[in-house]
Structures are given as C-alpha cells and as structure tokens.
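Read from first to last, the chains carry the letters A, B, C and D; within each, the first residue is number 1.
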Amino acid sequence: MHQTITDLSKLQRRLDEVRNRTELICQPLEPEDTVVQPIIDVSPPKWHMAHTTWFFEEFVLKPYLSDYKVFHPNYSYLFNSYYNSVGNRVQRNARSTLTRPPLREVYSYRQHVNEHLQKLLATADETKLDQLLQVIELGLQHEQQHQELLLTDIKYILSTNPLLPAYSASDPPQTIATHVPATYVDVPGGIYKIGYQGNRFCFDNELGVHEVLLQDFQVMNRLVTNAEYLEFMEAGGYTDFRHWLDEGFTLATTENWKSPLYWITKDNKWQRFTLYGLQDINPEEPVTHISFYEANAYANWAGKRLLTEFEWEAAALVYPATANYSSDLIRLGPRAAEPEQHGLQQLYTDAWQWTYSAHHPYPGYAKAEGALGEYNGKFMINQMVLRGGSCATPPGHTRISYRNFFPADKRWQFTGIRLAQK
Amino acid sequence: MHQTITDLSKLQRRLDEVRNRTELICQPLEPEDTVVQPIIDVSPPKWHMAHTTWFFEEFVLKPYLSDYKVFHPNYSYLFNSYYNSVGNRVQRNARSTLTRPPLREVYSYRQHVNEHLQKLLATADETKLDQLLQVIELGLQHEQQHQELLLTDIKYILSTNPLLPAYSASDPPQTIATHVPATYVDVPGGIYKIGYQGNRFCFDNELGVHEVLLQDFQVMNRLVTNAEYLEFMEAGGYTDFRHWLDEGFTLATTENWKSPLYWITKDNKWQRFTLYGLQDINPEEPVTHISFYEANAYANWAGKRLLTEFEWEAAALVYPATANYSSDLIRLGPRAAEPEQHGLQQLYTDAWQWTYSAHHPYPGYAKAEGALGEYNGKFMINQMVLRGGSCATPPGHTRISYRNFFPADKRWQFTGIRLAQK
Amino acid sequence: MHQTITDLSKLQRRLDEVRNRTELICQPLEPEDTVVQPIIDVSPPKWHMAHTTWFFEEFVLKPYLSDYKVFHPNYSYLFNSYYNSVGNRVQRNARSTLTRPPLREVYSYRQHVNEHLQKLLATADETKLDQLLQVIELGLQHEQQHQELLLTDIKYILSTNPLLPAYSASDPPQTIATHVPATYVDVPGGIYKIGYQGNRFCFDNELGVHEVLLQDFQVMNRLVTNAEYLEFMEAGGYTDFRHWLDEGFTLATTENWKSPLYWITKDNKWQRFTLYGLQDINPEEPVTHISFYEANAYANWAGKRLLTEFEWEAAALVYPATANYSSDLIRLGPRAAEPEQHGLQQLYTDAWQWTYSAHHPYPGYAKAEGALGEYNGKFMINQMVLRGGSCATPPGHTRISYRNFFPADKRWQFTGIRLAQK
Amino acid sequence: MHQTITDLSKLQRRLDEVRNRTELICQPLEPEDTVVQPIIDVSPPKWHMAHTTWFFEEFVLKPYLSDYKVFHPNYSYLFNSYYNSVGNRVQRNARSTLTRPPLREVYSYRQHVNEHLQKLLATADETKLDQLLQVIELGLQHEQQHQELLLTDIKYILSTNPLLPAYSASDPPQTIATHVPATYVDVPGGIYKIGYQGNRFCFDNELGVHEVLLQDFQVMNRLVTNAEYLEFMEAGGYTDFRHWLDEGFTLATTENWKSPLYWITKDNKWQRFTLYGLQDINPEEPVTHISFYEANAYANWAGKRLLTEFEWEAAALVYPATANYSSDLIRLGPRAAEPEQHGLQQLYTDAWQWTYSAHHPYPGYAKAEGALGEYNGKFMINQMVLRGGSCATPPGHTRISYRNFFPADKRWQFTGIRLAQK
C-alpha cells in the first residue's frame, strides 16, 4: 500500500467520519445482537467494533504514540483476528464467548482510541508522518471492510432468529420496476495493464502491476436480475448436474439449496429476508447472496460464462461505470438497473461479481514486512476473486483494481452475477 | 405429582418468592451474557427466564384462565424446551439465535405472566382449584430446577470468557479449613421402601413406591474433598486405565482431562474458576464438577465404590442429614464439612452425589397424561441418578426421594462423590 | 469364572470342536469378505479368526507352555482387541487396514496355536492344571462369543454390498407358519436368588450372587413376531414420539428408521436381507435386529413393558424353556414358535431379549486380576442387558444367568422382544 | 480429445499392452489388498480394475458393438465412478463394500471385455471407425491414469498396515548419490502459445489453445531433493507460519505434519515407506508426497517461488527434457538427477510439479457432449494444476501440455517441487 497524503486536517475529518459510520451501522442493534456468532464466517458485531479499534491500537498507537497505555491488557488477545505475528488470540470460532466486555465498554474503548489517534495526529513527528499516515489509512480501509462485513453479518444474525426482525425501522425504498434488457458490449482483445497504477491507497494484492493478453469478448451491460435467476430455478437449474461444478452440485444437493440464501417460500410465493425484514422479490433487482457455484451454474445454463478478473478490469477500463450511484451513507440493498444507460451499470454499487479467477498473487507480488504482511497474502488459495463492489461497500471504498475474495461456497455477502460471452 | 394445598395466600406468596428468585439470580448479568450458548447443554439465561414463564403460560394460563391472550404468538415456538406434544420449537442447539426478544422484553413477559397468575389465583373456580394448584406447584418446582441450571449455566458461560469474569462482586465466604476425617457408618441390610411416600409434591419419577432388598453396607460420613481428589490426580489417576470404565477412559484421554472441570494450573498451582472468579483450591471443600466416570474411577482407586440410589435413600433414611445448612437465598459454592458431627453430612446442600444406578422407571411407573408426561419419563435411558442436592439447589427443593439424573460424562453441574464400602 | 473339569480328553475334543466351528462359519466366504469393516461395530471376519487365536496364545500358551515362541512378533499388536494391560494395539476403527496377513496365513496361525494347545494339554503340569483348564475354558467361551459376532458381522458385511449376496448357498428352511397366540404366564413375587450358582463356567459379570425382591408379574409365552411388529409399523409407531424414549426418537428420526435393520421395501412389499439373501418376511418368526429403543417403543405402543433382567431370570427359573431346539451346528435365522406348548418358548435359541436393566455390577462384583479383568467390568455403563440367546449363539453356550449387553442403539445382533405385564 | 489413427493393428497391440499392464501392476497383491479403501481418495485396486473395464463396456461396447450383452447387469451401478449421465452408482466412500464380485470374477470381466473389444475392432464399421478409435483411445488414456492411481493407492493401502509390507519383492535399485547442484536457467518473456497443438490424443482441458504473455523468469534445472527439503524441516519450516498459506498452516498444525507423507522417524533417523517397504531416505532423490501447501511453504522459505502452469509449459518448450528416462515398464520410485546435464531434468519421469495455477478452463474451453463431458470440466474449482509426470505415470502418457490436478492438501501422489525465480 502506498500513498501520499498532504492534508492532515482532511485525514482527521475522514477518521471521524469512518469511525462514526461503524457506530451508525450498529446503532439499531440490541446489546444481545452484538455478541452471537451463528456460523464461523459471521463475527459478532461487538467483536467487529472492538477489532477495528484494536487494529489502530496495535498498529498505530503502540508504535507511534509514545507513552501510550493500552486500554486493557487483554484486549489484544481478545480482538486480534488472525495476525500470528501479534501473538495468541481467541480462536475464530469462539468469538461468541466474549460476552464481556459488554457493548458499552467497547464504546468506551472506541472513544479512548479515537481520542488518542487525534492526539497523535495533532502531535505527530514530521519525520515519521508519511509512514504514520499510511498505516492510519490502512486502518481506515480495514475498518471500511469491516463495515461491509458488519452489514452482512448483522443480516445473517437476524435471519437466524425465528422472528425475522428487521434491522431497519423504515420501509424499503420504492424502486421502480422498469425492465432493462440485457445487452452485451464489446471489449477488444489486446494487452492490458492490470493492477493498481495510481498513487493513492491500494491493498497489496492489487500490486505486481503486469500486462495481460486478452482476446476479444463481450460483457453484459448490467447484473443478472432476480427474474432471470428465477427462470433458472424454475427450469430445474438446481437439480441438473450438467450445469454445475461437481463439488458445487454435491454441496447444493447435500444442503438442499433450492434458491439463493435468504429466499423462502411463503404461501407458494418466493420472498426473501432483507435488512428491512421479509420482503417480496423485486424481479428487476440484481440477484444477490449466491455462491460462485450458483453463479457459474447459472452462466452455464444461460449459455454464457463468467468473466476472468482480468477481463472484468479491462471491461471496466473501457466502459467506466454509469448510473446507480446513491448519496446514502448506508445502503441496505442493491438497486435495479436504470433504463436508457450506455456501457456498464452496477459495477461497484450493488453486488460483487464472481469472476472465474482464483485469488493468486500477481507476478512479482511481495507481502508487506511484519504483521501487516498477513493481510492478504496468506489467503491466496482456494478463494475466488470478486470484482466491483456492493450496496454494503462504503462509499469511496471501491476501485477498478480492487480484488475482493471469498471461497466458492460462501453466500452471505452481497454477491451477484455479470455474464460474458465470446 | 400429587399434593394437597389448602392455603391459597401461602401459594401466592410462594409464587412471588420463586419467581423473584430467578430474577435475583440474573441480576448481576449483562444483557450480552444472557444470550449465548457455548455448548448444547448450557442454555442462555434469557432463555431460562422466558422458558419458565412460558411453562406457566402454556400449562396454567392457557387452560385455566378464560380469555387469556398469550403475550406473543411466537413465544411458544421460541421457548418450548422439549414438549413434542405442544408443537414445533427452536432446536435445542439453536437457542443462541434468540437475540430477540431482548432481555428487557423477557422481563415484561415475566411480569405479564406473573400478573395473570395472580389474577387467576384470585378468581379461580373452586371446582378446578385442586388440579390448578398442582400444575402451579409443578411450574414452581420446574422453575426451581431451572434456577439451579441458571447458576451452573452462568458459571459455564463466564468460564469460557478469557477474562474469567466473576459472577459475584463479593469475596467468597471465608471457610475455616478444619479437616474432618472420613469415617464410614453402618446401614443395616433388609427391605426398604423406596420412593416418595408423602402427600406433598414430588416428580413422577419418584413414584412407583416399591420395596427393595439391600445387604448390609457402610457409607462415608461426608463428601470426598478436593484434597482427597488431588491425591488421586497426583497418583496418576487420570492415566491409569485400571480404575476406569472403558468409555470414560477413552473420553478422558481424548479430551485430555487432567482434573475436574474448571480447574487450571497457574504458576504451577491448581486454581479453579468459581462464581467468585478464579480462586485457590480449598482442600477441605467437597470436590465438584466431576463426571460419573471420574467419580467411579476415584472410588475404584480408593478401594471403595459408589452407592446405588437405593442404598443412598436407605442411608439417608437411617441417618437424617446433619449440619451444613445455610440461610442464604443464593449460595455460590459448596461448603466444607463441619467437625464433631455424627451421621451423614452434606447430603443435600453441597454437591449432588453420583450413584451407580441408571435413571430407569420404578416398578409400576406411569407417566402423566398429555404434555406433562414428557417431563421425566422420556429421559429414562443412558442417564445416571444423582441423589441429594447441591449448593445451587434452591432451599426447600430437595427431598430424600429426589432423583436427579445426567449422562455419565456431564461435569458442569455441582456433582461430587460419596463413597460406600461393604 | 470358576469350574472343575476332570476329563482332559473331553476338553481336547471340545477344543477341536469349538475351533473347527469357527472355520466352518468362515468357509463360505471369499478372502475379500474377510477384511472389510463397514462400521466400527463390525469386525473383519479374518480379524475374528486371528483374535480368538491370539487370545489363546496370549493367555494360555505364553504363560503356560514353556519355550513357546509366538507365531509372529507383531500379531499381539495386530490382534489384541481391547486389553490395555497387554499393550498397544491396532485401533478398533482401523481393523480393515489389516489386509495382511492374508487369510491363508491366518489359517496357518490358527493351526499353529491349535497344535501347541494340544501339546500343552498333553504335557501340562498337574499342579497348574486346574488354573490352566479354566483359562482354556475362558478361551473357548470367548471364541464362542466371537462365533456369534462372526455370523452377525458377516451378515452386516454382505448386506452393504449392492449385490446382496447370500452367505448360504442353500435355501432357507421351510417353516410352517402356524400362528401361536400370545399368552401371559404368571410369575409370583418374592425373593429370588440372582446370578450363577453352579460349579461350571460362567463369566465374571454373572457373579455377585444376590437376592432380589420382585413383585408378581406376567410374561409373554413367546417372542413378538414380525406380524405383530408390522402392526406397530403400520400404526405409525416410528413417527409417534409418545411411545419413545427421547434419544431413541431423535435417532430414529435422524437415521430415518422405518423398520428393523435389514428390512427393505421392494415392489411395495417388505422383504429382509438374511444369511440366505433377500427373503420375504415370515410373519410368524420373531422380529429381530431391533434396538432397545424400538423394543421399548413397541412395548409402550402395545400397552405392555419390557422385563428387568431380574424378572427375566426369575421367569426362566419358574418356566424352564420348552421347544425350539435345533440340532444344527450352525443356524442362520430364528424359528417361529411352536403350537401347543406350555410355559415359555424361544428363551435361548432365537433372539436375545432386551431387558430394561443396565449392565451394572452385581453387589460384591469383583473383576478378575490382570488383563482378564478387562473382560466385562469396564463395559458396565451405558449398555443394556440382553437375556437368553439367539439363533447365532453356539449350542451349549447359553445359561439362565448369562448377561449379554449392548448399547441401546445397536441393531446388528439378533435382538428381539419379550413383553411383560403386571 | 481429437486424433487421427490409421493403423488398426497398432491399436490392437496397444490395447493389449495397456490392459495387460494394469494386471501386471496388480499381480503382487493378495485378494484382500484389493478391496479396502482406507481414505476416500484411495480406491480399492479391484475397483480400479473393474472400473477401467466398465469404461470400455459403457462407452465403447454398448454403443458400438451391436448385440453386445453386458457381463453383469449391476456392474454399471457398481463400477461407474462419477458419471451422473450414466446413472446411479455406489457412492465414492462406499467402494470397500464391494467385497463381491471377488477378484477372480473381475479378471473374468476384464477378459470378457477385452475379447469383445478385439472383436469389435476386427469387425468395426468403416463409417464410425474414426469416432470409435477416438473413444477407445480415451479408454486407454483413462486406464493409464488409473494405472498411476493404482500404484499410489496400493502404496497408501500397504502403508496403513502396521506390518508395512513391501509391494515389490525385489530390492530397490541402487541409485548413485551424486549431488547435482541446483542452477537456474533463463526463460525469456514474450507471448507463448499454450495448450495442445498436435493432432494426436489430448484431454479436453488442454484445449482452448491460447496465447499468454509472460515476463522473463528463471527455472530450476532439477527437482528439489530430499536433502534440501530436510533442511527446511530442520530449520523449523513446519512451525513457522510466515512461510505458509493460512489454511495450509492450520492443516499442518491440526494434522501434526512434520514431514512429507510416508516419512517416519525410527531410531532418531528419518526413513520412509516406499513400494519396496521401509527404506532410508536417499538425500539426492527428489522429495515427493508433499501437498501444494508444503511445496509453496518450501519455496517461500527458500526465497523462491513456484511456477505458474504457463511458465512451466514455456520452460518445457524452451528446454526439452533431458535424461532420467527409464525403460522399465513399471517404476516404483523417482530417481535422482544426473550430473553433467544441461537444461531441465526430471520434467516428466519422477514427480509431478505443483504449479501456482488453479485448474480452470482455458479461454474457449468447451466440454464434450454427453457423459464424457464430465471427464475434466466439472473439476475446475479448488484444484491446483500439476505439470510434468511422475515415476508412476505410464511411459508414453505424458505431454508438455498435460494438466494434472489435485486439491492443495493431497499428498498421496508422487508430487514434488520445481522452483522459479524472477
């Protein structure tokens, strides 16, 4: 990660904004909601709030603020996620044991660290400033990643409750269900430069900028919709092995998947659990909460294919995103495509797009020194790259070179489908 | 269960007392403590509070209070424990999904049901009164059983937290460590009448009163102490298969048991987690939190044996309990034996005593009609009977004929050892 | 185990007969059949053949035959079953790793040990003879127990093969389907002496002879038939929780039990896999291959109950077995009851009878010294006693005081139901 | 797969040779060895022999030989591996249930199919000949793949036996332990054409020939040796998380990996189980039986990296293989590198080389129609590509474009390491 930041007061403001947004996300929760861990993938919201704070304490305050005293001697053990370099920690599957510290104490922890971060910024030594700003920026980007996880984890937690409580007290926005036809736009073959080439922040897995040779291909203008996915379901897509990768079909059969995650039939009609509670399916919204296996099976059924991550990046270079932006600080679901648009819609703002590329190192990739080297590099196996961004991604957090990644079976993120054809 | 209660106002007072004691037990908890379920045996405290309330709603208010409207239409689904007769329910291992209703709502539920119970008592139809009083008494006894579980479940929950938080803000009572020698008192052989023979409340598994022929035997005056159990540990008791039942030894080896539950070594010294937090071992207190396997291995190592439940009942008949009573409404740990006592100590007030008897029906046992017939009868396999009572048992809840039961591997209850010899 | 045997040549003949019978049982098998272990309960036939031989080598030849050299230095490691005292061994669930030694080598091992046993008997020192004869007798009884397991394990192994191959090349005996009505005969209450009181061989768990006080009861003249059990099935017995112990009902539901083990529906008709291959259900034969849970659920459904093991022994004392004997050396299935008989039929020769008694020690039970003390004592938990004997039990191996035992969920033995009523 | 074969008698000879080689591999086995399945990855040898025969019956004889009657109506159920298109089948983890048909019957099955294949070739219709020859060739290639699995599965099966029996009765070949220094040879960057470009047989996953742009890199002249790998082990490589991918480190820790598969310490010295039985480690032989995780950790520790599959193919194009060929029909282990060689050694003949490439489709990849389309395409997720070949690969079965693939955790194949550096 490399960057140049010159405006200190801008950073202070940004620090406030990002840290506050985390608390804004957690504001509708009961204390009881913040402590459970229904599956290993999902972390308790309280843990997210504390862990992102620990990240600043561990990597910013301890090394850079002289005489800093940690808020609590055991919190590093409690809230370290996976940094072996930092030491022992609560095992990932045991995060629900942390009923203490209670939520209100985690808020105190957040405030304590916030104050010391501001103090540090106010007094920081010029000579280390550049390095310090980079680590703070990493801390902010890290917290933004956890903001996305917070929304998806909260959704999962509430979905397991038989009462199906809504996260939001408001009604969902009324989207106008204009049908936008699927079209395919041309991306010319040739040599493309892949990876982050700017001079602001990026994650280490975007580096190792390198050239890739691509053939001509065509890419879908928008994401696959619920209505289109429902056709696949109704055509028996979940039970026809020919569309599926073998381990995906075995999983779907074993787990009795019949639909995306969160879809349920009620009175013979499909509904789905959302952050607004149980809602009817909006046919024109992009399908979300599907695994790579389902995305790939859908593509095969449709006679198309998924893109590679290199094709995705090339397409996004050729057709910068149009439409679908929103000014909301927190968005709780994807939006339908807009009519009368050219090029590519829904690139960054609705659902992550599964690519048929493994999360492997780019040529020349080198992980960072020390604990921060454990950020992405050690997860470069058995994970598929997702490109773009979703409704849950914080505004400003996306980039054309951004490489999100999850195992092929995961469904609790806002994941969707963009198709390609040759 | 059969009884005759004539004093209605006494029951109203008792209802208040029992229901209040549950809330008193939960008073030191954070809301976050009340929702987790670290192992399937342990239920969230919030669930206990709601389930005991549902029991009254389901079995008392719905059948006996005309026009009663349930507090919430889904609570029967949420808070039914295992009554198939009543309908579907949240699976036992999914109780931590119930982050909603929040704790404060469960308190409202309790109050709602309390008020209607009092209203019912004030207006109850004479003709059904006897039957009604019996079901209420069962509800109270049931709630008392959950009070014991609450204390042991809270202990387990807090023990999984790396901070090892104390339940009680106070210091543990200072027990005087007088050593009381183990002696064995004679119980003469003959025909004993076993089972509940009074005219107050008892559980159905105490019925089927019948005669049992016993041989002469001798029984230990007090419970086995921590100091005595430590000798077994230090003699290699946990690694010498000769003392163990085969499946116990396999379990102890697989789970790497080296001591009772909650014991840990710190600075080369044994300590144990208690409701007062981490404490030194008191050598004269009875050992607790051991499985039947450990109790039996200890007995074999000591050249003694466990009692059968019939021997236990006969011994308690011959030697009514002495000493060790306490006036505290809530007791958080067992107490050491008192010197200079005759007969049997620590029968009901410190640790349940594993017997070498399976929880099987007494001759002529018949389960109750309807849902309440699911209370004990369906658990009459692969469980061992424990007799007496423990520090966590509510005052007044024990009886000489009381049959507690748990699988042989369970350790999270206050379970201990009383030895016999022929 | 205690006995007095005076006739040495009779023992030599008996040794031949018992050892030969094991090989007779294995004669129809392919070498490939003798090595697999489809579930942990079932051992490879080759292993049984070697293990019973090892038992004689370890407990007879090594201690009693001077200069005896073991057949192979590793066989004790390979073929020790569960004797911790003897040392390390192949884990129970890994017996199918023993593709070597091949079957023909195991036959050589058997012959080697047989020859040395005869040599030992021919030359045995008078002073140790009594002790030696007792260990040999234990070895023979042990081998007979494995003969029963061989038949049931072979049945299980063949049943997992999709071709459903028959063990026997012959047709099943044509049983005449005379219906024998169920009647109940009286057993008077009183004090009964329980346990082995003779002066021949018995297992240690039959000792601790003691008196038991019983009430009057009545016992069924024969075993429950397939036709009767089918009524239970057709009445929805497997899905009505009210008849079941809770863990049995959970198991039956999880495992989707709809019938006894080995029953399958073909062309809408029930058939069952037998050692003669797939056969129609004979309605008058006793039902077999049911768990304790099913036996108990059936009894509840029928408004009866199972016997305790003490009641069983008392009943068998009062009504010695009639009919149902067979002169066949190896019997492959149970036989229907015979008409016009008085008293109790099918006590020892058709199906083991689940009792509602746990396999616990009798008063004063003491296990043997050394390794042989691991024979029964360490299995005295979470197992239910079965009384009588089955078609697979070797002739002459049964006794009125014999205590067989299995966990409540096991179904691969020839286990059946005899009912009681008070 | 596409090819042109003109010489029919050559194919008949080849058919004989390939089919015979399978039986030659199984010749040293006992019938008992051929039926077990110690882990799900390993299939019983008898199953391999029958399955490869079924493949010809299903895909050649049934469609092409008129009036062909299958050898046994159930064998398709028994010996289909994973072709959903063909119908139901024995589950993969249940192959050890197939104790029947016995081995001798499987030999009859092989002969029956062989005879009919020759008959078919002798009488085949000209018009379908080209298509027929292609399917037969696929059957032969398929059988060759199973020959490699036979050797590795037999090795695994024998390794689980406590006697550690040798597969081969001979002594291992005496390899001269000349140390060959590791050097790195240059491969120039540029555009390479990847995939099978010939006109003989290839698998479908080699197609979709396409151009790939590579940077300059350097590749190791030989494979990593046991001696070099031992340095990694002795440097604590297995316990230093910094070298490892996260899930690899978790696996190695959980499974307590300390060395490659089959290595054991005896008398404080490393030995390893081979097809010749337990042998000393030959320091100059290539290390084998390691997972992708270990290969990658080793590379990181050594300050190098693995190649991508495209780099491997480019390197093999630039430096065709030298040395290390053998004329043996069956080879049981890898050989040490030869001194004084230029370019790349041990490409195809000693150990498969893990690449840091996922087994994904090439651009334009299309699976075959019908059942044969299930050959490779459905396994294109969560598997890593291995390039080259191993000692167990049948002579003539390798190609520069060959893409072998296994999940990253598998170790029972002859898998090794070739390093790259930029």
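FYI, contacts are C-beta pairs under 8 Å (C-beta built on N, C-alpha and C of every residue); 3 or more make two chains touch, one makes a residue touch a chain.
Just so we're on the same page, UniProt names per chain: A, B, C, D = Ergothioneine biosynthesis protein EgtB.
Treat the numbers as computed from the prediction; the structure is a model and nothing was measured.
Using the contact threshold fixed earlier, the set of chains in contact with both chain A and chain B is empty.
At the far end from chain A, in terms of centres built from Cα atoms, lies C. In whole angstrom, the spacing between the mean C-alpha positions of chain B and chain D is 60. Chain B and chain C have centres, each the mean of its CA atoms, that are 38 Å apart.
The centroid of the Cα atoms in chain C and the matching centroid in chain D are 47 Å apart. Within chain A, not a single residue touches two or more of the remaining chains. Across the interface of their complex, chain A is touched by residues 82, 84-85, 191, 210-213, 215, 241-242, 244-249, 292-293, 356-358, 360-361, 363-364, 373-374, 378-382, 408, 422 of chain D. On the side of chain C, the complex with chain D involves touching residues 30-36, 38, 46, 74, 77-78, 90, 94, 96-103, 157-158, 160-163, 165.
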